[in-house]
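The two complexes that follow have chain A in common; it is paired with chain B in the first and with chain C in the second.
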Partner chain A sequence: MTKFTNFLGKLDSLDRRIIFLIIAVVVLIPLLVPLELPVETTQLTEDAFNALDDLPQDAKVLLSFEYGPSTKPEIHPMAISVLRHLFSKGNQVIVMCLWPDGLFMANEALELVARDEFGLTYGEDYVNLGYRPGNEAVIKGITKSFEANFSVDSKGVPITTIPIMHDIQTAKDVDFIFSLSAGYPGAIEWVLYAGDPLQVPVSSGNTSIQVNQLLPYVKSGQMRGIVAGMPGAAEYETLVIEKIMHRKGLLTEKALTLLPNFQERRNATKFMDAQSIAHLVIVLFIIIGNISYYVKRKNQRKY
Partner chain B sequence: MSKRYAQKVVNELEDLGATVTLGELKWGSHVQGQNTYYRWVFYSFFTPLSATMFALLAFFVASASYRAFKIRNVEATVLLLAGILIMLGRVPLGAYLTAWTQNISWLSWLHLPVIQEWIYQYPNAAGARAIMIGIGLGIVGTSLRVILGIEKSFMGGD
Partner chain C sequence: MYIGILGAWIAVFLTLSILSYLYEDNVFYKLAEHIFVGVSAAHWATIAFWNQVQPNLFGRLWPRAEVASLEGFNKFWYSIYHGLHVLFSKIFPEDTVNGVLYRGIGDQPQNMTYIFAFILGLFMLFRLIPKIGWLSRWSLAYVIGMAAGLRLYGYMSSDVIGQIHATMLPLWTGNLGDSINNIILIVGVLTGLFYFFFSVEHKGALKVVSRVGIYFLMIYFGASFGFAVMGRISLLIGRFNDLIEYSGQQYGFATPILLVIMIVVLIFTTRKNKKEAEEA
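This part shows the complex of A and B:
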């Protein structure tokens, strides 16, 4: 027994390389052998999904990309799911970026969903206005005029010649703003400088760590739900698939044919197995760490 | 500017007898083009490096929580319990482990995603709101001190 308590006491100073190795193994195994755990949806994600789902077919949605490669695993699946959702309903999408690397993310998502999956026409069904430096000044700017801030789109085409932009003069002319944000500038700036002043509904897809900061805006009704981190992305993937499977609300014929493809390519859901096991192992580490701390303290009191 | 210098080089080459044509790329074509060096640098260096830096967090969080997340007092215990409930409630495994509670109506609140959602929506939102109000009051207070000339440290005073 003494040997065991001594062992527990020593665990407190466990080499961190052993912890790193265990984490690497528990993340890798579920990626190689998926557990396929079912994903349950939560209120925050459902609110964001319903806000977009309630938009009419002729609605135009402004999608802003504010993330880069570091947060791509969390936010990119959301971008893909939101685009699939909007295009499944026949909505038009105007894309812009407040982060320079957001342009690469936007191009990747649009090439996959708009061009390859839905076969949509650039300029008529969607447009990518590209990146403009200036953070919240750009948001403030488009509340006055799109053309003044984005004279050309990301391909260098003047926006006055792009059909989708013909009846869009300011941010007030869009029906919804969805910010895919991993920090500053991001969702908060959209609420403060565009959503609230123009009374345009705003929602957001964020990293898990940002949820704390954004919840007060959701509770006050300034934001319509949040898609939070990779779990939120997995929930959104599930909601889009359920919508198409059960033919809920607005749906185009093309969306029905793409259902098997959506079910096959569920990146966030696939990664949730690894995250599940990693979280469980971290909780076990915390419990073991506390037992070890308790035993060590008890042993020290003896002498 | 680069166009002017390129034209200068072209002119010099033409003076030497070569036939050179100066092409022009659209603004931003280094980002939009398929085979540009900018894209290559972005996808070959920047993407893997920044993804690696962010992924390292998982390892350090695991190690740090093992060493620092200790039950030392009541506040630390509450934080620890909330942390564990959030971590398990946010992932499908938490829902899977407590799925049985959904079959018993008076135990349904013990379902981990329900507990996690409640922590998110109430104590967490209240805490975040308090911090934001605190920051706002702090900004007003500091601004008043600067406006009224009480705060002079930014000019080098005490």
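This part shows the complex of A and C:
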């Protein structure tokens, strides 16, 4: 027993590299050998999903990309799921970016979903307005005029000549704003400068680290739910697949044909195995760390 | 094809280089760090210039126009554009369609008020010339003033008023669960605010209120830490997923080869450094 308590007492001086190695192994194994753990949806994600699902077929949704490669594993699966959801219903999507890297993320997601999966027409079903520097000033700007801030789209085409933009003069003309946000500028700025002043519903898919900052806006009704981190992305993937499988609400014929593809390509769900196991190990580390701390303190008192 | 393979090798090398810092500070990490800083700055500047400055600033000052139709001030104004075209033809393009010469960028209407933005932008660059560097303060003053005004308005209406309004909740809603939630929220807000109220000493009953506030803050920090860990693990999963993808034959076994090379080099340099330290 004494040997064991001594071992526990010495654990606090364990080389940190061993901990890194253990975390690497527990993340790697579920990625190589998927466990297919079930995904339970939460109210936060369901609220965001339902808010978009309740939009009519002719609704136009503004999707803003505010993330880059560093947060791609968390947010990109959400972007793909939200685009699949909206296009499955026949909604039109206007994409813009407040982060320079967002442009590449948006292009990648649109090429996969809008062009390759749904075969939609650029300029009629969706448009990518591209990136504009200026942070919240850009949001404030489009509450007055899109054209003043985005004279051309990401391909250099004047937005006055793009069919989808013909009846969109300001942010008030869109039916919903969805921010794919990894920080500043992001979801909070959309609430402050567009959602609240114009009374346009706002929701967000965001990184885990932002969740605590955004929950007050959800609680107050300033945001319609949030898709929170990788678990949120996995839940959204599940909700989109369930909607198509059970033919709930508004749905196009094309969406039904794409169901097997959606079921196969579920990145966030696949990643959640590794996330869950890593969390368990970290919880274990915290418990062992605390036991080690108390044992060490007790031993120091004895001598 | 080859570009894809090269891209995979670069991605694997940079990922492993950054992760190698977990072992110890080393040459791979330093290299990857410097590349990241340089490429990020250049990438941001390039995207901002071609997405904003060129179409939205120059495009509004000099929208595309037929040279023969220019008259008065615009004739002079577009001659400046022609001078700029001679110096930087890609930024200030000119083209000829059916024998008609056109100058300018895009089809938006001309807006000369953008000249103030142009001048303030130039002032910002004067920081590079110490003698007239003071002019950049005017640009900064504009940016700070505009940002402060914009944020004040947003925070006042949505954060202060919106959040106070959202906290005015009934203590009894008819539903036990909702009522408990409302009570916790109101007690949390009041005690949390009181913890930061330092005009009276926190003792007696006030100490209890303050202590309750600390517990709420602790719960907030704990939840934030949990979410932060979740976020970091997600990023690790993303990188590992790419490393697994690039370990296949179609990418020339990039991950295992680079991993072995890096481990060998790190062991060699660690031993060498240790030996040098012992000799010293």
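Rule of thumb we're sticking to: the second predicted complex is superposed on the first by the 303 of 303 C-alpha atoms of A that agree within 3 Å, B and C clash if a C-alpha of one lies under 4 Å from a C-alpha of the other, contacts with A are read in each partner's own complex, and residues count from 1 in each chain.
In this text, contacts are C-beta pairs under 8 Å (C-beta built on N, C-alpha and C of every residue); 3 or more make two chains touch, one makes a residue touch a chain.
Computed from a predicted structure; not experimentally measured.
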Open item on the list: Under the stated touch criterion, which partner chain does A:Val211 make contact with: chain B (first), chain C (second), both, or neither?
Closed with: both
- [ ] Considering only the touch criterion stated at the top, classify A:Glu147 as touching first (chain B), second (chain C), both, or neither.
- [x] second
- [ ] Could you tell me if A:Leu259 is touching chain B, chain C, both of them or neither one (first, second, both, neither)?
- [x] neither
TODO: Could you tell me if A:Leu251 is touching chain B, chain C, both of them or neither one (first, second, both, neither)?
DONE: neither
TODO: Look at A:Leu112 in the shared chain and tell me whether it touches chain B only, chain C only, both, or neither; answer first, second, both or neither.
DONE: neither
Open item on the list: Looking at A:Leu28, would you say it contacts chain B, chain C, both, or neither? Reply first, second, both or neither.
Closed with: second
Task: Touching partner for A:Phe285 - first (chain B), second (chain C), both, neither - done: first
- [ ] Determine, under the contact definition given at the top, whether A:Ile241 touches first (chain B), second (chain C), both, or neither.
- [x] neither
TODO: Mind working out whether A:Leu44 is in touch with chain B, chain C, both or neither, as first, second, both or neither?
DONE: first
Task: Doubly contacted residues of chain A, that is, touched by chain B and again by chain C - done: 20, 23-24, 27, 70-73, 101, 103, 130, 152, 154, 156, 208, 211-212, 216, 219, 229, 231, 275, 278-279, 282
TODO: Flag every residue of chain C that touches chain A in the complex, lowest number first.
DONE: 22-23, 43-44, 47-48, 51-52, 55-56, 59-60, 106-108, 146-147, 150-151, 154-155, 157-159, 162-163, 165-166, 185, 220, 223-224, 227-231, 233-241, 244
Open item on the list: Under the definition above, what is the set of chain A residues touching chain B in their complex?
Closed with: 12, 14, 16, 19-20, 22-24, 27, 37-40, 42-44, 68-73, 101, 103-104, 107, 130, 152, 154-156, 208, 211-213, 215-216, 218-219, 229, 231, 234, 272-273, 275-283, 285-286, 288-290, 293-294
TODO: Under the touch definition given earlier, write down the residues of chain A that touch chain C in their complex.
DONE: 17, 20, 23-24, 27-28, 31-32, 70-74, 100-101, 103, 130-134, 136-137, 140, 147, 149, 151-152, 154, 156, 158, 160, 189, 191-193, 196-197, 207-212, 216, 219-222, 229-231, 267, 271, 274-275, 278-279, 282
Open item on the list: So in the complex, the part of chain B that touches chain A is made up of which residues?
Closed with: 26-29, 31-32, 39, 42-43, 46-48, 50-51, 53-54, 58-59, 61-63, 65-67, 69-71, 80, 83-84, 87-88, 90-96, 113, 116-117, 120-121, 124-125, 127-129, 132
